[in-house]
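Heads up, the next two complexes both have chain A, just with different partners, chain B and then chain C.
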Partner chain A sequence: MATIKLRQVEKRFGEFQAVKPMDLTIDSGEFVVFLGPSGCGKTTTLRMISGLESVSTGDIFLDNRKVTWLRPSDRDIAFVFQFFALYPHMTARQNIAFPLQAEGESKDEIDRRIKEVVDLLQIGHLLNFRPGKLSGGDKQRVALARALVRRPAAFLMDEPLGALDADFRESMRAEIKRLHLDLKATTVYVTHDQIEAMAMSDRIVVMSNAEVQQVGTPAQVYYDPANLFVARFIGSPGMNLITSQYGDGVVRLPGSNRYAVAPDWRMALGEGLDSDDVIMGFRPEAAHIKPDGTLVGEVYASELYGAYTMLHVELEGNEIIHIRSDRQMRYPIGSKVRFDLDPEMVRFFNPKTEMAIN
Partner chain B sequence: MSDVTLKHITKRFRDVTALRDVSFEIADGEFFVLLGQTGAGKTTTLRVIAGLEQHDEGQLLFDGELVDNLTPADRDVAFVFQQYSLYPTMSVYDNLAFPLRSPMRKTPEAEIRQRVQSAAETLRINHLLDRKTAHLSGGEMQRVSIGRAIVREPRIYLMDEPLSNLDAKLREALRVELQHLQKTQGSTTLFVTHDQVEALTMADRIGVLDQGQLVQVGSPDDIYDRPATTFVAQLVGTPGINLLPANRQNGSLIVKDSSIQLPKQSGSDNVPADFILGVRPEDVQPSPNGDFAGEVRLIEPLGVETILHIKSGQQSLLSIVTGMASWTIGEPVRFNIAGDRVHYFANDGKRVS
Partner chain C sequence: MASFEETGPRNPVTESIRVDKVHPRARFLDNARAIFVLILALIGLIPVLAMGLTAFKSRADVVAVPPKIAFEPTLEGFVFLLTERSQLSGTKLEEAKANADDLGLFGQIALRNGQRINGPSDYVTRLWNSLIIAGGSTIISVVLGLFAAYAFSRFDIPGKDDLLFFILSTRMLPAVVVTIPLFLMFRQLGLFDTHLGMILLYTVFNLSLTVWLLKGFIDEIPREYEEAALVDGYTRFQAFYKIVLPQAATGIAATTVFSLIFAWNEYAFALMLTSNNARTAPPAIATMLGRGGIEWSAIAAGTLTFLIPVVIITFALRRHLLRGVTFGAIRQ
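Right after this comes the complex of A and B.
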């Protein structure tokens, strides 16, 4: 399988910069997800890797072979689209066979390769149906089979689960990941769904405004977001971020709440801040409700998620934060709650640069 | 606000029965969510209550009085749709004032001003009042749509998937706002959705609709902890409940083709010899000395928690563990199942308890 390398790859449409120059190396066998809101440049980047879109500047390498100006069909890459893109007048089998016939493979070879993917995806019972007779998930399986049968050096997937409903999406998500573990094919996967990105990827490339915000493992982008955008975008709900003041080892939240920072943060905060202004961040599970907690707020709303409760707590100064708590914990709206923060999970950001302080 | 009662409502469209003998009550001040898949009859129920559809059988009552023959206008309900139906050339203020200025209501301008201000404050859109609605974001537009419903103080709010066109973050934020608003104003609300998270998180009570029939009505806890059928059990909770084929031998509960064997539980006496065992993923917990053996097949880290796919014999089950646990694929795992939290279903899908 192939290594994919982007060197200063940029895309402009006239005056509009769709992708700012980016560098990225995707290892052979790696599953990398491009994650971001619509319009962030993730699909454009994927299309440049595939050759469906030309680069404005920069180079793309596949296994150290420069493919920047090769046609899509010469790049040995398979593309799986969001919309199933199956030929409606062909059976599933004919759809899967199509790329092999186009390459002039022998009938025996085609039969053998089809059997291989059919066994892998367990779609033997679907082969004689036309796409119109298949469910959304089965169509997606057939589309995957058609991509797999070519044994490409890399897979590019553009929101392949976007059109499926929620529970289907979950099971297909696991299936694609399982498949990846079996095949170890280099995969680049585009989505706007942070849960999908976290669940599936080896590494996530978070994009916003045509720019890479952070490249990291799911644990890195979750626990140590590089900036405010990543902190907000990853997690459901995202990280709690409170604009505060800092001085002498104490964070002064709006109103009377105070938080004493752990000693090892003091130096970093001293160096990373250029005024008293700081943004304090923590994930909803980092707050623990306790009768003698040092921070205080008022319950704004409380949501049961089945396995747990998400409390929305209004702090003095109208800031609403989210606290994940046991499902047995029920609080009426307006009641006071006290809580402490797990010091290991508190993060700080410079409000001017929006970057994390380390 | 009013309470609403549906008694044996049936609605047919030619030979399709969209609603079949649907009965439920929404108490005054209650947030009632109808949950179901596309085509379950959710929107038809809303339209029947609003008077936009006439039901074929049954009765509809507001505050104990029959409203079957009242026109939509006389029923005095407020609708919030999935698609924001705002006037793009009007300001936010005029959009909010519009329902109050209708010739039927003839509200004095001073009162209109006061009500618009108060609604705008509640929904945190007072800074947008002079803006044309065409220039608003999706989330702001939906706030204005909700605002247009709440300026009026109708007898009941009917909301038809109002959040489903918004992106995930906005949906989360507006869900919290809606719940806060409804609880603090005590308004009677019927909210329709296909999204189980919206139902669990916002509702006082949930009615689950399937193919025109009401399958279960209960609090979010009831629906989650005591689902009436496997259909309901699968509809709520992410990731979904584990449903495992099982049988009962000498009181023990044995999951077929696996190492899972639970001792007799209180409440398992009425379980048939062949049945379906339901286990929520949070009730499957790895533990070094766990009772059952399996193998980790897949790991899905979500940040706050991790979904483990465990294979035990021929059965696959999901487990949710806290944090970003470090597991490797293929490693053996021992786990426990919270025996007091399992669900029993007959093979026809009905709950046994």
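Right after this comes the complex of A and C.
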């Protein structure tokens, strides 16, 4: 398996900059997810790695071999498409055999390799059908088999589960994850679904506006977002972000709420801020409702999610935040709630640069 | 309802045959539509039918009033059409009649009119010319059109829209306007009355059609298929050949028929730009009218033989055409 290295890779379509120059190193055997809203450049980046899209500037290395200007067929990568892209005029078996025929493998070798992937993915009963006769999940299994059968240096997947039904998606997600653990194949996976990204990846590359916003493990991206975009984009709902004032170790929220900053933050805040303005952020689960809480708000709405209740709480100054609370508790709309924040989970952002302070 | 639970569900209803439940007005409308279509079909088919019948009538039956529906079929028309004959008289006729057994079918028919077959007529050459010119130009224009359409569909070509419009615009001038300049150019280039000239001309005229039609069909084929083939280890040409071509089969079939029909039926250019060597069937049929008395059965036979190749091709490709003429409106 191979490492993938992007060095100052950029893509322009005329005037339009689809991907701003980016650097990224993907380790051998790593599962990296490109996550971002549609049009953020994540698919373009993937296609540049595959060679289906040319690079405007910069270089791409596969296993320290420069492949920037190689044809896709010479890069030793496999690509799994969102809409499967199974050849409609061929049976599943012919589809899987197709890349091997390109390599000029003998018939016996082809049969042997097909049997290998077919056993791995348990798709033996599908081999004689054309793609039109297969369900979405089975199509994607065959497409995976076609990718696997070549034993490529890396797998590139472009929203492979995007076209599947919700219940299929979950089981396929687990299947792909298992496959990756079995094969330890370097995988780059594009999605706009953060649950997929969190569940499957070793590292997430969050992209927006043609730019990498943050590269990190799922936990890093979730708990330590690098900037306001990541804070908002990851999590549903995203991080609560409250524009406030800071001074003398106290964050002054709009209205009368005050939050005393933990001592080890003071230094960082003092250095990271260039005025009194600060944006305080915390996840819904960082707030704990208790009768003697120091912060106060009014229940605006309450949604039972099953495992927990999501409270929408209006603070003074019309700021609405989300608080995750026990599912047994009932909070009538309009009632006052008091809560404290877990100091470990409070983050601060510079409102001008939109970057996290740490 | 109670019995339903006791006995379980009956056999599932897989189709409805309750014709009796159709409202009378709906039935009347259905019938009216059917009749309307039938009338239209008759209007369209009667001339073809009349032509088909006339081709097999004898000289006397052709001009009979009212026209005979039941008659003794003869190949006279075809003999007149396809052979060059000379009139026999006196001893020569007696001699020929004596040796009638040695003659083929056509010879005997000719003999009945007191004629001897000297050889095949010009019309056979004309038909052959039509076949070469229409077939050649169709193949060339579909192949060229396919490559051009693929390029227009898949690659960023500078000025793509202008080029496409330019290609289409070659179709905008009516034949009447361009024949004279073409005639002069062809004469200068030595293309006048040559097969090559006619193949080139029809190819140019058909290219605009094939490029536009095929581009539509190829646009409908998702790029992902070729991209999959590209990462699977194939070159672009291999991907085109192995993936795009089989899927464009429908469109190629439809386009082939369209351009074949144009080249096969074309009359005005053929009349102006050919004289003897490369003359095609359509102007030849028209000139048949003029030669000493109108041989209606020969003309009908000529038109019939002229129709047959297009019918055969269309019939052979009919399964592709059914999907093709919807211009890829159906996504699979």
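Criterion: the second predicted complex is superposed on the first by the 358 of 358 C-alpha atoms of A that agree within 3 Å, B and C clash if a C-alpha of one lies under 4 Å from a C-alpha of the other, contacts with A are read in each partner's own complex, and residues count from 1 in each chain.
What we mean here is this: a contact is a pair of C-beta atoms (placed from the backbone, for glycine too) under 8 Å apart; a residue touches a chain by one contact, two chains touch by 3 or more.
Quick caveat: nothing in here was measured; it's all calculated off a predicted structure.
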Simultaneous placement of chain C and chain B on chain A, clash or fit: fit
Chain B versus chain C as contact partner of A:Phe98, first or second or both or neither: second
Which of chain B and chain C A:Met310 touches, first, second, both or neither: first
Which superposed partner A:Glu285 touches (first chain B, second chain C, both, neither): first
First (chain B), second (chain C), both or neither touched by A:Ile77: second
Contacts of A:Ala174 with chain B and chain C, given as first, second, both or neither: first
Contacts of A:Ser50 with chain B and chain C, given as first, second, both or neither: second
First (chain B), second (chain C), both or neither touched by A:Arg150: second
Superposition-derived comparison: chain B or chain C, residues of chain A touched: B
Chain A-centred angle between chain C and chain B, computed on Cα centres after superposition, in steps of 10 °: 80
Partner chain in contact with A:Pro88 - chain B first, chain C second, else both or neither: second
Shortest CA-CA distance between chain B and chain C [superposed frame, angstrom]: 7
Touching residues on chain B, where the partner in the complex is chain A: 37, 167-169, 172, 175-176, 179-180, 183-184, 194-197, 200-202, 220-221, 224, 234, 236-240, 280-282, 297-298, 300-304, 307, 309, 320, 322, 324, 329
Residues of chain C that touch chain A when the two form their complex: 222, 224-225, 227-235, 238, 243, 246-247, 332
Touching residues (chain side chain A, partner chain C) in the complex: 50-52, 71-73, 75, 77-79, 81, 83, 85-89, 98-99, 102-103, 132, 146, 150
Residue ranges of chain A touching chain B (in the complex, touch as defined): 37, 165-167, 170, 173-174, 177-178, 181, 192-195, 198-200, 218-219, 222-223, 232-238, 283-285, 300-301, 303-307, 310, 312, 320, 324, 333
